[in-house]
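Input: structures, listed below.
Two complexes follow with chain A in common, the first pairing it with chain B and the second with chain C.
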Partner chain A sequence: MALPRELEATFSPEEIEFLAGNEYIDIVPLETMDQLPLVSATIPIMKPPKKCRVPLWLALELKRQHRARIAPPEWLDLSNLESLREQEMEMDMFSKLPFRWLETAHLLLNACPDDIEDVEEVRRILLTIREARQSKARAGLEAVNEVQLALDNLGAMEINEIRPLFRETMNRMRKIVQVSEEE
Partner chain B sequence: MDWDVDELLAEPTTEVEQDYSALCTQWLNERMAPELLPFAEDVVSRVTERLRAQVETLQSSIGTANATGYRSVLIQVELERIKFVLRSYLRTRLSKIDDYGQYIQANPNVLLNLSSTERQYLLRHQQLLHRQYMASFLRELPIKMNKLDDTIGRTSMVAAPDMENSVFCYVNETVEENLRVAENEYVTLDRGDILLLKYSVIANYVRTGAVSLI
Partner chain C sequence: MAGNRLVPRYAHTDGLTRLAYTVDGTFLLTVGSNLVIRKFQVGSDEEPESIDNHQDPITGIAVSKTHFCTCSEDATICIYPINNSSEHTLLARTTLPVRDIAYSIDGDWIAIASDETAVKLVNTKEPTQIHSLRPSKTSNKHVSFSPNEKFLAISSCNGILYFYDNQSRSLLKFLTNTILSVEGDSDLTSKAIWHPSDGTFAVANSENQVAILSTDDWLALYKLTPKENYSSITDIAWSSNGRFLAASFRDKGILIWDTLSKEIVSEHHYSNVVALAWQPFANVLSFTTNQGVLYNCPEVIPFSGSITEADFQKSTQLTNGHKKRVILDEDEEELYRNQNTNENAAAAADITNGEEDFGDFNENALDDPLDLDGDSYMVNEDELEVAKKRKARPIHGHQPVSFEDGARKRRLLQFAVHKPVYAGSTPWQGNRRYLCLNLVGCIWTVQQDDGHNTITVEFHDESNHRKYHFPDDQRFELACLDEEGALFSAPATEQSPGVIYYKPHVDWSRRSEWALMLPMEDESPISIALSSSVVVVCTTSGYVRIYSRTGFPISIYRSKQLPFVACSAYKDLVLIVANGGAAADGTPQLVYTIEDISKNYVYQSNDGLALPPAGELLSIFFSDVGDPYMYDSDGVLLALLHWRTPGQAKWVPVLDTNELERRKSRQESYWPVTVADNQFHCILLKGSARYPYFPRPMFTEFPFRIPCTVMTPDAPTSVPSLEELQLRNVILLTLTEEAIDEGNVSQEQQLQVTKLEANIDKALLQLIQKACTEEKLERVLELTKSLRRTPSILAAQKIALHHSLTQIAEKIGTLLPAA
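For the complex of A and B:
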């Protein structure tokens, strides 16, 4: 109908990626660019080599046109990711990654691998972290009851993945409890 | 390793940034909430106004040197992005109005959540539907049985949104009192928490902005 059926219960991965595009990131302009008045922000004058803070979608567009280089966010750095991986392996809980880490990392690794140091190693570590978190999320299904579940530090894309299953499970448990209470 | 969650979320500072951020939040909330939330009249009208102004600026620059330059491209990309959010927001609301039309008409306080255009749409849509049902088969039924809002028996014919549906939510501001989720179970809402809860528990907090749906 007005909203496609598959979008009624959850977001599409593309929409989550779209939302990641709204986050701000630093770029290094390669040429001088005048002020750009946009509907959602006014991008100030950009003069190399001064860093400038712009929305990610704009950064990706400028990178594509070879007018800027992207400065990877602080958390996307090798030593940081290595310690995160250690944490992820040791703890049962999810380690503290930025909310949109998966989609942001995905966009950056595709668009500007040349701006990221040790990009191959970064890719490998991110994959490990992702798999560890995925298995934790799956294990978390056991913890679902009919009233509440805490999932601190889970990423947006990860939540979107588990959303249909977890929601449906919780709804059904709620109905079962409801019926049993009525009797 | 001590970045600040707030810094990463990059709190918007100017009014235009705040409006866009608010529009996206409203869009997310509307998508995930089972009920129809109040229409974000101010935000939508301000953003639409700026969209219009931007489109005019673009059109007046056609024919000048700037027309195909990279700046035009960037402006157009952004226009498409904002239009996407607006469209999806309006479509989500329309979808809910379609599904729960009768329920909304029967509850005046829910009717308040619609914009005037949406109210007109609702009225007309329900009229058309009713006329169609009557013409197809309702006329054939005995008078006592051809009502569409029958409440005889345990279930009402009118579809109401399921307020007990579970939603994922993110806590923006710590909430003072503990929330009752079941007979003896309470949950605390601390800033930065991500929880899976029944919508009815946090419905009010979504409206105030203390909690947003993800």
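For the complex of A and C:
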């Protein structure tokens, strides 16, 4: 493949973000819109003020055109994030966040800060959580052996970050173990 | 002991909370750990005003006649004028967290007790004038000025109570072994609580008693002992006339003593009460807990022969009209006016005479012994007729009247009237309010400074109509919105009669908007409704006026039941709800009438509206297909079944919001909007918010769930879920079938009926399957009898055979219609 060196081993953050666009999210349409038969799914008729469940990419596009408002997902609310932050601080394990939390949160905070309550506080808390998880991931990497590395509840973007290092490391370790077993 | 259920007001978050009434008793101010000050209007259930100022938990509040002052752990003290609480001035700063403040009686000085060793006295007019008193080498917890302006009491954390002379600021006396030695942030009290008039003060002593000491000899006059196991006194408060003393105990609750008899007259069990305040001159005690919850307990001392309403009146002469006005609203005031002068003069005469036998009080002063409830108005036999004719006081949060207490001689009927219900509208929040909020859009009004309002009409679907706003001189109070136009109404004023104004959204004929005046003088609309063909106005004169959408009168009649509560309309159907008298226990009963205007046929006439026990109506409306639904204060949505047949109508609960999964983990309430597509559309209100917020609230839809079985959300195929599913579909089927006009069934309706029948049978067959596995033969047979379609009965038979239940299979066979 004709990919640049850096991209051969792993995805770029933009690609991960693009993949996250397929997740479903609730929107409140501001106009009546007809049904939209697409390849992957049919977008239902949208009639304000009823909420509608559409893929994130469409939600962002509609928001950009001021034809819909986005209803933030359940987990992206202040009280939930605060309790997640507490969990993150206290436990060694990763707290349970949706798989694509980082990308989705990033996209939403950029596209629709006016639809999220207490958006500054949310940003701050997400940053704290991200940092805590990053340090845990770093510490957890040390436990890699040739057979497995168990890091539960890691998000897509986070996995993507450690993938190059982890992949190489595990490969080498496997080779070393293989060689030592042959002897 | 009050039998009423106290509604907690969530004022603050966990932590120390303090409260104080303003001197005239109109506002109750609470402060707490979440940094805001809440200003509640006494006697109303409105959301309190919040004032956000400090950076750290607020630890104290003090009031003077015109201002109030707060102190906080952020070491600042701020004062605010009572009327305009958004203004505030920083009075002083300390270096360490402030624990308590007190206003001097003349309001000129504020004493500040903080973790510093000095107690500062700051002049409120000139904050640069500061006096420092240094009673001890420890921090100070409480300060209080004596009402006779002689003393300033300082409670230090070393357990010593210091008394300074108010004029000379010199130390007069210090008392050891009187109060406990407590830390500055403890919830226990070491304060000297002064009696309102006689120069004595109360303290919580080390034996968990309340000792009352006099300033003459600095010895205890008497001690009030609590019951067994009551310890850790967190606050003490004297009632406004100094007769009753309330003390709160950390784990046990509140005890109230009558200081004349030194007996406990009332006890209330609440845990973690930290602060108390008596409402000035009323039998109402407000208290807060360290969870930040505020409770107002009316009639905290039960009335009996020796304790009456009059015992709470002020002991000196005051202008009656003024005093009463702040506690009551206008309707009661009318009733009071006749009796005020008599009653208060007598009260004054008697209470100021020191040794009064309170048992004789009534006979001397008044013609008839009156037994009164702090919340109702006074009625005696002569007044009863007058009271019936006047408009009785509408109530908020209604409480049932109890008759058991034998001491309440001749308790007369309390006329509780259900107040009007405006579906889709909210009270004033600041200077805005919603007039109508529904699935089409929302109408709100903003009060401008120079007397007029601005009304904005906004649509959810911006593609059809653009939002617009217009200035409104007539101050419209009610509005209705639908796809074609908006209807407004304004009450009658001295200058102008009541007005109804209709404005279409799309004005293709240029002059289709119209306005009309209500013909009678002083006739104001109480409730209005708009449908695709009619405009309904229910007015204060008792008339129901029905106009067409172009403004010509179609019908007018006077309602048999008054006063009006609500009205709603759908195509040609009109629903009017009115008060229908009181139930056996005094709760207001509501009745409704459904009429078809074009056919001139009354479907239901004054049939009962099913309110829950001690509940009230929050909203009533037609669904998108024309069935009436109501939402009550218990959070239940009910549908009206069989309403097309007179005498057959039934209110069936279709959704209980208390059972919702999401309700379990958070505090939420649901503001009803409407029912569409068999789903309940509402606005989610988080926490203690009661009304939708500005600017654009989001709707949530909940599908119906009949509250007939225990909810098992994770098991949609469990028996209870299937049973509920089956019942839900039966109800929906009933509604659909009734809507079908015989002989004119549309394709869509037919499809709907078939689909619902299929759903019912599917649920039943699954239940039959489960019952067969458990070999519950009787149940299998019963379920089979409820099946609606022949193929389903055959399917049931097959299921029975599959489970080798041949006996049942044969019995099912007999149920089959003759082939």
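The criterion applied here is as follows: the second predicted complex is superposed on the first by the 177 of 183 C-alpha atoms of A that agree within 3 Å, B and C clash if a C-alpha of one lies under 4 Å from a C-alpha of the other, contacts with A are read in each partner's own complex, and residues count from 1 in each chain.
FYI, a residue touches a chain if its C-beta (ideal position, glycine included) is under 8 Å from a C-beta of that chain, and two chains touch if they have at least 3 such contacts.
Since the model is a prediction, treat every value here as computed from it, not as a measurement.
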item: Clash or fit (per the criteria above) of chain B with chain C on chain A; value: fit
item: Partner chain in contact with A:Val119 - chain B first, chain C second, else both or neither; value: neither
item: Touched partner set for A:Lys50, first chain B, second chain C, both or neither; value: second
item: Touching partner for A:Val28 - first (chain B), second (chain C), both, neither; value: second
item: Chain B versus chain C as contact partner of A:Ala71, first or second or both or neither; value: second
item: First, second, both or neither for A:Ala111, with chain B first and chain C second; value: neither
item: Most chain A residues touched (candidates chain B, chain C); value: B
item: After superposition on chain A, the shortest CA separation from chain B to chain C (Å); value: 8
item: Residues of chain B touching chain A in the complex; value: 1, 3, 5, 8-10, 14, 16-17, 19-21, 24, 28, 31, 47, 50-51, 54, 70-71, 73-75, 77-79, 81-82, 84, 88, 91-92, 94-95, 98-99, 164-168, 170, 181-182, 185, 187, 192-198, 214
item: In the complex, chain C residues that touch chain A; value: 439, 459-464, 666, 696, 698-701
item: Chain A - residues contacting chain C, complex; value: 28-32, 47-51, 69, 71, 79
item: Chain B-facing residues of chain A, complex; value: 1-3, 7-8, 11, 15, 18-19, 21-24, 33-34, 36, 38-42, 53, 57-58, 61-62, 65, 67, 73-75, 80, 83, 98-99, 144, 146-154, 156, 159, 163, 166-167, 170-171, 174
